[in-house]
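Chain naming follows the written order as A, B, C and D, and within any one chain the residues start at number 1.
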Amino acid sequence: MITFDNVTKSYGTNIGIQDVTVKIEKGGFVFLVGPSGSGKSTFVKLILKELTPDKGSIKLNDLEVNRLSNRQIPKLRRSTGIVFQDFRLLPQKTVFENVAFAMEIVHMSQRAIRRQVPQVLNLVGISSKATKYPNELSAGEQQRVAIARAIINSPALLIADEPTGNLDPDTAWEIMRLLEQINHRGTTILMVTHAKDIVDKMEKRVIAIDKGRIVRDDANGCYGAYEDEKLPGFLQMGGVFNNNAE
Amino acid sequence: MITFDNVTKSYGTNIGIQDVTVKIEKGGFVFLVGPSGSGKSTFVKLILKELTPDKGSIKLNDLEVNRLSNRQIPKLRRSTGIVFQDFRLLPQKTVFENVAFAMEIVHMSQRAIRRQVPQVLNLVGISSKATKYPNELSAGEQQRVAIARAIINSPALLIADEPTGNLDPDTAWEIMRLLEQINHRGTTILMVTHAKDIVDKMEKRVIAIDKGRIVRDDANGCYGAYEDEKLPGFLQMGGVFNNNAE
Amino acid sequence: MLNSWKCAFKQAFKQAFRNRAMSVASMFSITAMLLILGLFFILVVNVNMVSETAKKQFDTIQVFLLDETTYEESSVMLADLKRMDGVSEATYQTAKEAMDKWKVKWGDNAYLLDGLEDENPLPNSLIIKVSELEKADATVTRLKTYDGIEDIKYYKDTVDQLLKITGFIQVGAMIVILFLVIVSVIVVSNTIKLTVLAREREISIMKYVGATNWFIRGPFLIEGILIGIVSALVSVGIISFIYYKITELIGPEIFIMLSTTMVPVEFLIIRLVWIFLALGISIGACGSIVSMRRFLDT
Amino acid sequence: MLNSWKCAFKQAFKQAFRNRAMSVASMFSITAMLLILGLFFILVVNVNMVSETAKKQFDTIQVFLLDETTYEESSVMLADLKRMDGVSEATYQTAKEAMDKWKVKWGDNAYLLDGLEDENPLPNSLIIKVSELEKADATVTRLKTYDGIEDIKYYKDTVDQLLKITGFIQVGAMIVILFLVIVSVIVVSNTIKLTVLAREREISIMKYVGATNWFIRGPFLIEGILIGIVSALVSVGIISFIYYKITELIGPEIFIMLSTTMVPVEFLIIRLVWIFLALGISIGACGSIVSMRRFLDT
């Protein structure tokens, strides 16, 4: 489905990603993890041609993404469901219209829109907010609207950049269940996340990235081992503070 | 420090918070948890008079927040450090300037600004990004800038709405250590979060809110028990999916 | 396709309504510029009318005949002249008739001429009226080829001056109107650019979600056109009203002073509606397309 | 305090630079509006000059004396007249002098007057020049109280007409300029409103972080003023250049046609700089303050 071949993308002196070579199979469910600023969002943006790589080639199915003309980009994006880290909801449209918009751009009929949108809103648990505008929603609710918009067209590929960052554990798990369901229907899922417990419990393939390079690629992996070493250190320091205070 | 007395705030038909009565002591470290859309951000916004309550009184120290005139609001906000859930960085200013801005509005000298800003940026681990603009940062980096801006004036009260939502566990823990350090120096901290492991391990006071009402208030509490019951259910369902796929 | 245009229209109306502040702002700017243009249009049309009337008063060429020229010879000239292009009238005037005219003209001072009647020093003459002042010169050139003519008199200096002044006014007005159109386009496209700039994020989000350029442009375009139409109609309304009031107020005085009526309101409205609609729509449409280009091309 | 103004200035420059697109857009709009205003200013100043010159040509009152009025009697009148307010010159003209003037005036046709010289039908007269056309009527009323006067002649109709026309032009120009100023203010404040609207988020963030209204307003205000100043200078430059070119091109012709020179460029520049700076600065400053109000009052 997705093939990165020696891809490098830097922002001036900042490293985005560096020499990344990776392949994600059709129908897979992949977690992309890594510390803040390690290049995860850059990876995602490259797939959607929001950014152009400095070097290397990116393939989506058999499509050479770099070679797409400006006219072909909308088609690429329409065939992919995307949950952006910053939601990117249209501020002038209601929740319903935001989700409907994704269907309108693929020229679905108004009838189909009126039938499917409420279903999806229900699925992510925000059907009661259909007529609200994004700025009238809590962060978690906005995130769920973004998820609804991404999945409404049953895309072959769903890319989610931190889709549970603003959700409480319960809702987060519900969303994960939803994603797993969608994955089982055949959709390839690439999910960027920091949620250690989710990654650990799901036992899916985990690609770990650090400073723009892939440092680990585990089928059935877990979030990462490094933090186990540091946590006691932290608790110890917390202890030191406590002692000082007492 | 903060006293809510029977405070209700609704948005039209939407409930924000309802009949909330709570007191947070000076020097305390309090977690505010609850499902998405339960009214946590509303609670925070009420303290800063970003919203006005429909009913009830809110006191900050001995200040009756509702009774503040428009001219007094800036003073209230300047005396409080705030990390917004949506960061709210000034897009036209660099990281350095964003943090410096918080010092400028309290009329600190340029010398003090030039000394302290780099220190704080270093503390949150983004000193290398000082000259970047917010839209050139990853989400986690933006969040850390927001934290730096909130703590730079050593406020007596620090309110953080989901300050680790976009951070990897390592960085999140570093930030938590920082907050604890600040707390030990006497700053009252109110932190809204969904990070179950952080809340559980910190063993601080936890106020749980649901549908706008306070449902639990534990000194040395944990994130919540409810999810323990549901998790097995989810795993079970995941199992069902797996069976289907095989 | 039809469906998608219907959709675009609905979107445009919604957008325009939800962006009330911006739509109203753009509308105000376009209306303001059209008002200025309209004002100038009115000035130019009326100045033209006045100068046309003024020119009519200098359309006479006097041809003084030699005393020895017979009536028959002059009749031949007259017939020839009448056939000329640009001559609307040509008559024979005897010395007696000329003297009578002078007397009328002199009014109170006519007694000065009393002594002259018997030995009338005035010659017989031909009085030629030209239809277009610009052709008077050609007529005079032709006249000079005739025999039996003592002198040709026409208000060459006045005519030349008048032609020059009206020419200047016309050229000046064209320059000013051109200038105003350019300024209007700058101001309005700026306004629209700002409108679009303020919605940069909205546009970029649409792109990220996979909307094609025309899908995004459609509603903006229609919105621009709608704003253009509304502005055009509003400004025609305002201009017509003001102009109507002005004609009512000073029209009669102008008539007395310059012996021309002002251009009637209806004449203006009909022309202005079309000019303004064309301007408003093209400004609105081009404005939105041009100012969106930089967001769409990336 | 001083420090904070320095800071505000630095901020304003940075802001203006980082918001180049917006700043340039506002600047264009303000410049455009000032250009239109300047154009009108030029027109009005020149029309005024022409009409003043025209009025000078009709500043003469002719007083025809009865034949029996002696030179001494008329001298008394003359002395009295010279003391009158609004009279700049008063001279005695004999019948002979008057006839000579007529001859000069008639030029080619002067031979018509030849027979009249001996029995000169023209009376002695007083020639009065008035300094202000508007006071001619008062002078005439005074003259009528004198004895020994046969008739008073001055171009009352022409003068009245001229006064009316120049009056109309002046009132009209004031209305048009007022209208233009209003339109400019609308357009420019719209532009600034849009600029601010596009930075609504920025302003609200500053408020949430605890900045006072003046702290936020300062840089915007200074930015507005800077833009106003730049626009004023740019438009004065453009106007002066264009006007200079125009005077060079058609100045001499205008002089020949209307026997007035055009208003010199320097005269215009000095006035325009101040008017435009005042307008630009106040538009920029008021624009930004007014359009920020709605964000700051909440």
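What we mean here is this: a contact is a pair of C-beta atoms (placed from the backbone, for glycine too) under 8 Å apart; a residue touches a chain by one contact, two chains touch by 3 or more.
As the structure is a computational prediction, the values presented were derived from the model and not from experiment.
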{"item": "Both-way neighbours, i.e. chains that touch chain D and touch chain A", "value": "B, C"}
{"item": "Touching chain B and also chain D, the following chains", "value": "none"}
{"item": "Chain separated most widely from chain A, comparing mean CA positions", "value": "D"}
{"item": "Centre distance in Å when chain B and chain C are each reduced to the mean of their C-alpha atoms", "value": "68"}
{"item": "Chain A and chain C, separation of their C-alpha mean positions in angstrom", "value": "64"}
{"item": "Centre distance in Å when chain A and chain B are each reduced to the mean of their C-alpha atoms", "value": "24"}
{"item": "Sites on chain B at which at least two other chains make contact", "value": "none"}
{"item": "Chain contact topology (line, ring, star, complete or other)", "value": "ring"}
{"item": "Chains that touch, pairwise", "value": "A-B, A-C, B-D, C-D"}
{"item": "Residue ranges of chain A touching chain B (in the complex, touch as defined)", "value": "11, 14, 33-37, 40-41, 85-86, 132, 136-141, 143-144, 162, 165-173, 176-177, 180-181, 184, 194, 196-197, 201-202, 223, 226-227, 230-231, 234-235, 237-238, 241, 244-245"}
{"item": "List of chain A residues in touch with chain C within their complex", "value": "48, 50, 70-71, 73-80, 82, 84, 88-92, 101-102, 104-107, 109-110, 149"}
{"item": "Of chain C, residues touching chain D in the complex", "value": "21-22, 25-26, 28-29, 32-33, 35-36, 39, 111-112, 115-116, 121, 161, 164-165, 168, 176, 179-180, 183, 186-187, 190-191, 193-195, 197-198, 250, 253, 257"}
{"item": "Residues of chain C touching chain A in the complex", "value": "3-4, 7, 15, 18-19, 199, 201-202, 205-213, 215, 297"}
